[in-house]
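Same chain, two partners: chain A is paired with chain B first, then with chain C.
This part shows the complex of A and B:
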């Protein structure tokens, strides 16, 4: 699974500024949350996201890639809603979540992480007098997104090594090697960042 | 010019480097030695990633203990595993990251990135996911990410160890053309034939130092 993967392109959505896309995503998110129970609106938002994914030159597989890892959560949320409320509420919640995930997917597929991080840094600028480094906050978010696939890869490697030794059903046995590898990778990454001047960002 | 004066490094009770004194001024210097001999520790001293327990390391008259930030702006470092060095999601963003501390204007930054991608034959991969490149391409990208800042000195810690022969040769050819001083740590002694000087490290000490024609055969003899 690759999270937050930019898909290069020349579409009108690619060319929109990262700030505009993030503001649009924020507004759509607020509307979908505030207008509780508005099923037509959620359906409309899903429809718009569906159309926009093609306008961006992407395909259904990209929507599927964004949706697949969340299916289990959607199922759990739907079950909880049916249990505590009713079927219509469950459908409404899932449609709104889907609309939000698809909209967010369009933004991430069409926006370079660097451009997004520049916007985040700008948004954090008012916090500078409080000692917050906007560049570092933006980079932290970028790095977190970037490292999600790396952690998944580590988990996969450890599970493969376990399978090769006939331990495929002993899930807990993988925990320590995964943790050890991730910590070692963090150390190496930290060295690499220092070597590339991370400590000199913000003129510090 | 890098100078090590009576440098010792200990990890807990183990002495990794023991009272090393050496000046490094040649254009291309190779460092060879067995696993655990202290080569990587030696490399990390040269840009202040590690500071010595005793003695001092000076790079262009700056002390790594007190001027680490400034030294790291002049000394680039290429790691063995590019996966640990590549941070950003796409190739062009990864190259651009190195320029962040320089606070260049967007236009200048874009120009530098474009030039560097071209120089390392990565232009066609500019928008590709760095995570999905081949091992050789990743190491090229790591090298481009370091060289975009135009360092005075490049320290390479076994950058060809994980590469096949073709990619290793390609990386070596690019490194050979670099104008900056190169300190190259490696197991692959055949890469050092045309270097100006080779140091052999064993058990934390420099046991041989001279031209590749003298040091490499003597080192290979100790392996048999």
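This part shows the complex of A and C:
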């Protein structure tokens, strides 16, 4: 099963509505980008985000989880310093990035998957005239979450079957049977949907 | 949207996610680990047509945004959309669309699929990825492009793999293209 990044908790931030948190993240992002280059502001935003991680009842391991993917970029910025030697800009970029990424991580860690997908479905509402139905979007989200373990299982099955025949490291050979199996599953699945009246459901 | 469209979109989103769960391969002489995830983007473009391909990748991005760790290395959540790689993610969706368009125009021979993967899966992805990375990290465009070049050998290999696989899959399962 696929486990989301949500960390259960009872903090004030957990109890805020998902929409409100997303609007707050959006505003902080806009402010940090528009007032680009303001070192005190970036430092403040980073400090606030840091404090809020603990207000939300999250720990150092969550901080690390959010920061780790950035290390490679920090290495790149450090490397670029060799040619440009602009410490001021580099420090500012790092502070701003930490502020934004931590704030975004707080929203993700404190908001349930279901609340988040409700917001997504609501955001799709204005697209209705274009033929996008919020309920279908919600259905697609659920269906995909269900299918990821199934597809991963198929990948593993095929690998095991090939290993049993002595193919250890042939990656290319694995993809064709995986895809044909996946496509065959898709036929069965769409038949099952049609049999349950999916194509007559107007999605509203 | 038919049931078949719905299922194919969900399945290719799931496939691209599952490919991200595979451990990255370290290739000698290539400075960065090669992940299988962009392979999913290219395969979607090659196999299910432009419209379904872009929707599949957008759906994957929605799942990442609502808090599932589906990008390679277990990354996910809203953080990835404020980070330096956001341009690449947008490039994936549009790249899958472009691959689909080229395949519709040029047919599905090995050469056509490889060209499509290079234009859509590498060209379009970099066109969005590099400027976004330069902007977020406040680096000159050339530096960002140079850093991206580290991924080029891996990406070219994947373009070849995806084309080869797609040709075989289309032969084994002809419905795919329509």
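For the reader, a short list of remarks on this structure follows.
Keep in mind that, in the parts below, the second predicted complex is superposed on the first by the 122 of 204 C-alpha atoms of A that agree within 3 Å, B and C clash if a C-alpha of one lies under 4 Å from a C-alpha of the other, contacts with A are read in each partner's own complex, and residues count from 1 in each chain.
Operating definition for what follows: a contact is a pair of C-beta atoms (placed from the backbone, for glycine too) under 8 Å apart; a residue touches a chain by one contact, two chains touch by 3 or more.
Since the structure is predicted, the reported quantities are computational estimates derived from the model, not experimental observations.
Using the contact criterion defined above for the overlaid structures, shared-chain residue A:113 touches chain B and also reaches chain C. Residue contacts after overlaying the shared chain place A:200 against chain B, while chain C stays out of touching range. Of the two partner chains, neither chain B nor chain C is touched by A:52.
Put simply, more of the residues of chain A are touched by C, taking chain B and chain C as the two choices. In the superposed model, A:148 makes contact with chain C only, not with chain B. Once the two complexes are laid over each other on the shared chain, residue contacts for A:5 go to chain B and to chain C alike.
Of the two partner chains placed by the overlay, only chain B lies in contact with A:135; chain C stays clear of it.
Comparing the two complexes, residues 2, 4-6, 113, 143, 145, 150, 185, 189, 191, 193-194, 198-199 of chain A contact chain B in one case and chain C in the other.
Note for the complex: chain C touches chain A at residues 1-4, 6-11, 13-15, 17-19, 21-22, 25, 36, 39, 43, 47, 59-60, 62-63, 65-70, 73, 75-84, 136-140, 143, 147, 161, 164-165, 168-169, 172-173, 175-176.
Those residues of chain A that touch chain C in the complex are listed here as 2-6, 25, 29, 66, 69-70, 73, 76-77, 80, 83-84, 89-90, 92-93, 97, 100-101, 103-105, 107-109, 111, 113, 116-117, 120, 131, 136-137, 139-141, 143-145, 147-148, 150-152, 155, 171-172, 175-176, 179-180, 182-187, 189-191, 193-194, 198-199.
Across the complex, chain A is touched by residues 44, 47, 49, 69, 72-73, 76-77, 79, 81, 83-85, 87-90, 93, 96-98, 100-101, 103, 127, 129, 131-132, 145-146, 149 of chain B.
By the touch rule above, chain A contacts chain B in their complex via residues 2, 4-6, 8, 112-114, 135, 142-143, 145-146, 149-150, 185, 188-189, 191-201, 203.
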